[in-house]
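Next, two complexes with chain A in common: one pairs it with chain B, the other with chain C.
Right, the complex of A and B next:
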């Protein structure tokens, strides 16, 4: 066999002050919008609106960041080689997990009464909520979240540390795959822990906003959002890096596969959405169907203030990916992918809005300064942390045994 | 295409292209072995039991079954779901693993697809015979309204089942047959007797191996894979909706669609392992279905088993969390009621047992894998039994509470479907290549290709 050794030159991302300034401006704008929110909002729902917006921003970025760690883990688990060329990107995304997690816990500690109905005084006289109190209580909520987020962060750091070590002893370990196998073992444990703890995170942080309502698929639904948004963000960051001249080893073939995943998991999200909606609609049990009645279905003659967003949810998250990414040539065009990535991220922002706001604010919800401010703030921090940690070490995982496979990756049937 | 040295070889034993055809065609071209006759005869006996039990069910009536006023669905639908689930591994391997570019699927997809078809045939028996008057079975189709005032209920997931499964069956057969055509042509070209030549020639449909035929073949396969993927998900989704659209506690739960799909893949891989652990040994296919293939399948079993287990825990938790007392009772009753043994069998076989596959040694031990695959099959059968019977036998009114036990006729039908399944499988192994010859050749390890060997010879290396 001929030796197809490619001359690889290591790259390092330069986090320029220009980029930093743009991010700082976004964060500053986020803070400004939040202040404007405090000035303009009516006093009655101000605090509720503020805390719900913060929760939404923090949870959204937390999900996307966690998707980075899970992506790294799942690729080890599946023994996948194609994604190694841009492995540093999901690794870097995961570094924000602890910040997002800490922000969430801080939001809970400070704003729980405004966000969660079950934390209020009236919950003590509500027999249904009293029945749930051994799960929905402050102690368990904070302790379990802290442990879970800590575990996610531990595995994120561990996998990254091992990957960096793998790079430093390039040459020898590459052929033994010793560190690679250690990574696989950590990933196995990580994904198992993630699989069993993430549902609890989804129940606690999201489902309990509507504390009387329940749905068994809810945790899968949250996972679907995590995954599709994580993949889309990853694709956007890779495109950004390529536009600035980095990651030349990431070819159209890799982008094509990322595109396939954006497409496939948008359909997966729709499948989960439909499973939940169809079954609740069909059985028409009032305790369950109230969820969708509140969220825009209303009655045919009386749409409520979420009706537009209800349909937008399906349009942005299902129809757009379906129609735009059905063709395989579209998946290979950077501009189309960037557009669709943005659509998916906006679409699931809307999706989360429908999960978070109606339960507590109901008819008083409206998209205002608070939501935009919180989103800018948390996305600003997330992007900053991700790019900063990308800049901290080499962009190419030189020591990874599947690097060469990935460089020669080709999309074949 | 470059492959890391850390990856396992998909074909072992330093084969040449000629040897691959030779090895795979051997069982077809030689007279059947004693083991084959023994297996086939036993299966045929069970097939006769199927005939007998169904005749009794039709001749005397459904009174021969153990269903009663509260448990109107039990054995039949349990087995229906069981068999449909088993069929899913075939489509998963041929379509979804294709999309994920998992090349190890090449040597197992043929028999898994065959299994799909036989399993769906077994599954179809149950709803059709539950109709009682099987000769009116075609009324399940939305035919023009000439038979009276009956018109199918388009709102019913049971009707969706009719559409989903008949489509699934049709596409699976096409997919399977398409893949077979080049291989049937290979068998035709090698055939020695006149009858064999004639028969394989007929089914090879004029395949001549030209560029043109391969191009058509590839396009059709791609389209069929594209259709199969949503189809395989839709089938078990709709099967789950047979239950989940109702308002029966324990049935109406939103996680059912993805959880049923995961369970179907789990049970399907269980059955694939049961068959292949034996087949690779008896038919000398160990160089094609290597220990690493078994290893990979065990991982899928463990993953899907754990997903299913996670769904059990989710259901149980949310039943408590919901605060709905009927829901809470349904789950308490499952775990500690009259059918507690079925529930704990299910939990042990599906969630606990597959965890042994964390260990590589166990994933590569065919004996343990075989035992585990049987455990998985048992567990998944009990899953359906638990869901169906425990939710029905406790009605809202305690005066309607009953206990269900199967009659000998029902047991006969169930055992008989195994007869049908294995009779078909044995015939398939005898008359058709049970590993895809053409596709296996496409995944030949790079250093085993003729060109590589030639070069090595030139360079004076001796190959290992």
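Right, the complex of A and C next:
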């Protein structure tokens, strides 16, 4: 291998007003669609539909953003060097965590009963919900969420601040790796906290939509969505930056590895999905199988209005990644990767839709202005925050001890 | 016509072999193949070896395994004797076919791919396993150059010597030799 020092220059992302305008237009379109939803929806389910759509949008972007922080943490934890070349991208994605978290808590405080059946008066006469009331109550819900989201944001900020400090070090301490080890210690704590608290987030925000039902693998399922969507978004942002001439040190090898992660964790998601489905199918216990009865199975003879989306879920999230990304040449083609990233994001949007809507709106659910509006709105804000924090400093982590290793990263000889 | 006569450069260092392969490419000497005790990274690039198509075969074998087991289960539990378990709808039992389909896919892919690999690399009964040197499976690195199509033998030998070959051998094999593909 040739030993040469690549000339590293300061690289700044220019968040042009053209990009900003596109994002503002998306946010405006989101608001417009939401208003249109208020005009066109039938009055009976209007508020319910609105809050559920907002929950979907906020939760989806929250997951993707959290995946950025977790990616940084896990790479420190695993002592991994390959991802350093684009480390600023997951870092920037994580900056949205607090906004997404605040939006979620605001949505809960304002629309709680429209989303969560257990918040209502009728829950007091329901023995199952009374039994769960020590966990499913407003105080615990808001307090735990606020603490968890605050912790996630604290570690995101801390890791980023340390990384920026590392860049500014000059002279003898530059390659001492002192800050790197501090980052590793923070990551150890962060990933442990994330591992234990994220299941609670998934139970509270998603599983309690169907408060009578429970599944022990549900939080892993949520983690699978978080991770595969986070990696896909990361790949899309890196592709976007490369297309605009930034991040020239990110080579096809890095993209290949990101592609492998997209592929592998799509399969992981399917594995978890199947585990949940098979156990419920074989056990055949009414209180468990109701979940899938609502989501596509319908009655014994007739499909219901989620059947198409039920199968679409597997098609978009499993078959597409499997068939498109199986060969290693496909993983190295930017256009194929961008297409698959979009497919995965749409697929998991559909996945979330199936988690949120059937248990609440049921027969009255339909994809309308509200869903599209909320998705555009939250994705617009998420992309804006990410790109804005990318533009704030150098795109390359100049002081990271593994930068050189990452630049020479090679997966195929 | 497959080559039977070779000039073999024997190296005792993979780095030297890599350099020699690069040199051979630059000077226009066609290298037939290299024999090394372990995978030397970058060698395939210098030798101009194309990517194997074994993975395509493996994909097709996997599809075969999947389809066969799917048909089997479909026949058993839908067509021949529709199984009704607790009144659950049959369409959604498709998902319960997955474990068997998966195992069968893996089995067909693994076995058929390894058989194809053996057949393709002539690792089957009746082939005479002749080697350039017994130590090519232990600590020697062989660069085999086809002596028939490369005419300028002196240039080849001097190139090999210059690149640090510890020995240069001329070898002729019978036509059913394991090297001949």
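Methods note: the second predicted complex is superposed on the first by the 400 of 413 C-alpha atoms of A that agree within 3 Å, B and C clash if a C-alpha of one lies under 4 Å from a C-alpha of the other, contacts with A are read in each partner's own complex, and residues count from 1 in each chain.
Operating definition for what follows: a residue touches a chain if its C-beta (ideal position, glycine included) is under 8 Å from a C-beta of that chain, and two chains touch if they have at least 3 such contacts.
Since the model is a prediction, treat every value here as computed from it, not as a measurement.
A.B. asks: Just chain B (first), just chain C (second), both, or neither: which does A:219 touch?
C.D. replies: A:219: touches chain B, not chain C.
A.B. asks: Thinking of the overlay built on chain A, is A:287 touched by chain B (first), by chain C (second), by both, or by neither?
C.D. replies: A:287: touches chain B, not chain C.
A.B. asks: By residue count, which of the two partners contacts chain A more extensively, chain B or chain C?
C.D. replies: Here the partner covering more residues of chain A is B.
A.B. asks: Check whether A:326 is in contact with chain B, with chain C, with both or with neither, and answer first, second, both or neither.
C.D. replies: In the superposition, A:326 touches chain C alone.
A.B. asks: What residues on chain A does chain C touch that chain B touches too?
C.D. replies: 278, 282, 413
A.B. asks: Along chain A, where are the residues that touch chain B in the complex?
C.D. replies: 1, 4, 79, 81, 127-128, 131-132, 135, 175, 177, 180, 188, 192, 195-196, 199, 203, 212, 214-220, 260, 264, 271-272, 275-276, 278-280, 282-283, 285, 287, 401-402, 404-405, 407-408, 410, 412-413
A.B. asks: Going by the contact rule at the top, pick out the chain C residues touching chain A in the complex.
C.D. replies: Against chain A, chain C makes touches at 41-42, 44-45, 55, 59, 85-89, 91-93, 95-96, 98-99.
A.B. asks: Which stretch or stretches of chain B touch chain A in the complex?
C.D. replies: Answer in residue numbers: 1-7, 98-99, 101, 218, 222, 233, 237, 241, 244-247, 252-258, 306-307, 310-311, 313-315, 317-318, 321-324, 358, 446-447, 452, 455.
A.B. asks: Within their complex, state which residues of chain A touch chain C.
C.D. replies: 274, 277-278, 281-282, 284, 289, 292, 296-298, 300-301, 303, 326-327, 413
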